[in-house]
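Presented below are the structures under discussion, each in the form of structure tokens.
Next come two complexes built around chain A: one with chain B, the other with chain C.
Showing the complex of A and B:
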């Protein structure tokens, strides 16, 4: 039986949820607001919240000075490529771990996760040298591979937990009805796992989009994605906060819009279960 | 005759093919400063003259250092021209990471580079980076506030003059603070300024045997003076103010004086950004009465070529173009004389057009008053004025900077800050084998 919740309590919960949500969103909101200020207004003391002369000047300057589309295209290719590549490897891997586990499956899973515990800078130099040898420095191919490798443990783990929730009995029933392995995977498992796969895909795309360590270190002029675009607007001598904010807003806008449209999928995937 | 013509044709053909074969794309790593952005906008002129094209990689100052160091050490060959500072040039040159620029052609007129800049960018007598723009530090003050307060600042003031003027101009009720100074921690932030104050009080970072000297009375006097000046007449929250924060305060009319980089002069006198553009005067950085060193620093953003680049010839052509007299004229014709890159060439300061710029004279005098080979009253084993040109300095300076920033914030006393900085420096130097 569902617990009865009083209206008062509901109101308080809603208010608290909104407050926390606003707190988390505030830095992004502030960045967006700052991008519409002049440099002088951006550092005004006391800070200006909504009542200032809104201007699009910063966007015009950023647009004029950098080739935004080139950075954007690099981001799309790298984030998209690494996600597709990652899923192609992770789906079969998670599949076998969830449905035909061996004695060492748990160990392998833990070992995969342990690679995330190593600080990235620890392997920077070896990877840099490898990239020089293979001619992959400042290429989208190189960065796509690195992004895929970095996020692979997370994808495998996420998919593994989703697949685990699908009861083996459903698959058995399908087999009893004469489904082949191919049919079983294609018509039974995949439809059931789609919310999980979709949310994994989205999360991985967001992670790859926002990654700033490898993208800054392994690129120069050609393959630099939007993270490098943001980094180019910080200045040691001269005011830059408004322009930096405009660049940041332009860099996060695509992913913010994508997240907005797919939030239903994302939430459904994260709370996913086969038998509810 | 026929043979002659044939020869000519062959020579012409060879010339054409070699020129087109040498048209390359060079990658340049740089920082996001106004003068660099202007240079990026003018690259077409370089391409038109040489046929080479340029790709820019703009990074935050510290990211740039780390990124470029890593690439040079691994021989990645990602960059053909680097934007580096005066601090790293001699260190990197000693590591054989940079290509010597001694063979630039005669028409480049290397002797025209300001002697102080040339000294700071050389190693063992060879030039390793060409100054794109140079700076010292000086006092920028509000002429209207001084007049209102009934005080004056001489062209070559002492710290006593500065303190008296700061006191007279401070009007905290109206948010006017007598002096704005750097307080934000970092070797290139507050330590650049504090080190020059120390120099002007007769202090030094190390004695001839590399023993740290922060426990000497000169250091105590210098740091106490700085702390008192900033806390009595400075803006609230000064411990987090760096160049950009103070620039904003000054432009909004909240600072009576600001002692910082000479390049700031073109920002504070620009009527588009500054509310006080026509009310700014300039003076040399001060010294303590009786001490024969002023507190002005020396810095240059310079262009260098990393060893191991495949495109050395094109890279040299770029440096030649970007740091030439013609480039300065090009900027002047497009953006006016106040916006040309300052502090690199003697001829610029001899130009009657440039002499009309209000801060030109004081910038040159400040640069000339700085000598990186002899930064302090007492002898020192190091080069550098507002820094010590050794690889350990970035760590030592930043650690000390944090102590002094905490001191300005009132979290510890002058004695505590100095004792901690001294202990840390001694430890780091011992670990480094000095």
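Showing the complex of A and C:
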């Protein structure tokens, strides 16, 4: 029997939850609001909430002065490229571990997880040095590879947990009907696996987009993505609140929208299937 | 039944991922280990030969080491306490029936998707700036002297920023766990006259204990490595230099690679201690 809830209780729940939700969201809301103000209005005391002269000027200035599109493009290439590359490598691996498990499958999965635990700072200089020698420093290629590698364990794990949920009997039935390995993958597995692959893709795109250790340390002017672009505002230039807000809003907007679609995958992906 | 054929095919399919990760782990790790036993100053003579455990001793005995360990522990501990405490409360609230639950969830989860450099910069300038920040306006409105957040309360400020980023994560995982709680059990306890607090202590909390453990372990691994938040706000000044930041400074700022690598090895050992516990839980889950 469902618990009957009084309207009064529900009203209180709603009021408290909305108040807290608003409070947590406020810094983001405030950034978005400020991005539409003039610089003078942005630091006005008392602060202006909704009643100011809305302007799009900051967005134009940010784009013009710092070539925002170039950083955005770098972010898209690095996050997108690393995700696609990672999936290409991880799908076969996760497939074989889920459907042709051996005694060592569990050990391999655990070992992959352990590589994710390696603190980045512990291998900072070797990677830096290798990047210099291979001419990869401040290139999108180099950063794409690093992003792919740091997220590969998560991609394999997420795909593995999704593939595990596909009933093995279906594959066996197909095999008995004489389907080849290729047909098996193409016509049976792929359609059933697409939702899982899409979720994995989404979460990893987000993680790569927001990664801020390697992107700050391995890029300079050429390959810097949005994380590094925003960090450059922490110089005295950061006093321009409205422009800082416009730049920030542009950097987080795409991911906020994608993120709202990926709440459930987030739990699965970041807990390695330990919480469902 | 897996055939011999499919087994060897499986091995080939796994190979690229395994080989890449093996390379990604072993090559840099070996280099770090080698450097850590060398006197290696790229800008002042380069590789100056082996020094044994000299770097390890020097890293630990430098005056910056223990404060950085302390800072790391305070930040990790502070963020864990805040995110777990409020995460439990918030997830219980979000589990209640209400109007617009989906929207509230979206509002609560949003900070997790904000890139670390943006959240650090927004908090630093627009909230914590002692002249133009929103907090300064608020303090002045009450006739109080604005606080220099990032210099006078630097650690607290960083804990606040990082907690804001990670509270959504804790809440989301705890909410997922709470939703799997059998509501009939709670109802039965309620009918038997168990007061809300003991219902929480004896039913909800034990049910959440596994999820809480996982949140603690995963967050610890990420929090030990926080970088951008400190890089952008204080650059390690005002007592906010964590172990990660100290190593970063040794390696890239003062270009003392040997010393920094020894620090890196310490960081790896530290992370591994936490990782072992996490892996044990995740591994158990694989069997079921």
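Everything that follows uses one rule, which is that the second predicted complex is superposed on the first by the 215 of 276 C-alpha atoms of A that agree within 3 Å, B and C clash if a C-alpha of one lies under 4 Å from a C-alpha of the other, contacts with A are read in each partner's own complex, and residues count from 1 in each chain.
What we mean here is this: contacts are C-beta pairs under 8 Å (C-beta built on N, C-alpha and C of every residue); 3 or more make two chains touch, one makes a residue touch a chain.
The structure presented is a predicted model; accordingly, all values stated were derived computationally and were not measured.
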Which superposed partner A:129 touches (first chain B, second chain C, both, neither): both
First (chain B), second (chain C), both or neither touched by A:118: second
Most chain A residues touched (candidates chain B, chain C): C
Contacts of A:220 with chain B and chain C, given as first, second, both or neither: first
Chain B versus chain C as contact partner of A:137, first or second or both or neither: first
First, second, both or neither for A:39, with chain B first and chain C second: first
Partner chain in contact with A:13 - chain B first, chain C second, else both or neither: second
Which of chain B and chain C A:171 touches, first, second, both or neither: neither
Set of chain A residues, in rising order, touched by both chain B and chain C: 43, 124-125, 128-129, 216-217, 228, 231, 233-234, 238-239
Chain A-touching residues of chain B, taken from the complex the two chains share: 27, 29, 31-34, 37, 40, 55-61, 63, 67, 70, 74-79, 188, 243-245, 247-248, 251-252, 261, 263-264, 267, 273
Partner chain B, residues of chain A touching it in the complex: 39-40, 43-44, 65, 124-125, 128-129, 131-132, 137-138, 216-217, 220-222, 224, 228, 231-240
Interfacial residue positions of chain C with respect to chain A in the complex: 2, 6-7, 9-11, 13-14, 16-18, 20-21, 24-25, 27-29, 31-32, 35, 90, 93-94, 96-101, 103-127, 132, 134, 137, 140-141, 164, 167-169, 172-173, 176-177, 180, 183, 187, 210-211, 214, 218, 221, 224-225, 227-228, 231-233, 244, 247-248, 251-252, 257, 260-261, 264-265, 267-268, 270-272, 274-275, 278-279, 281-283, 285-287
Residue ranges of chain A touching chain C (in the complex, touch as defined): 1, 3, 5, 10, 13-14, 16-18, 20-22, 24-25, 27-28, 30-31, 34, 43, 45-47, 89-90, 92-93, 95-97, 99-100, 102, 106, 108-110, 112-115, 117-130, 149, 152-153, 156, 181, 206, 209-210, 212-213, 216-217, 226-228, 230-231, 233-234, 238-239, 241, 244-245, 248, 251-252, 255-256, 258-260, 263, 266-267, 270-276
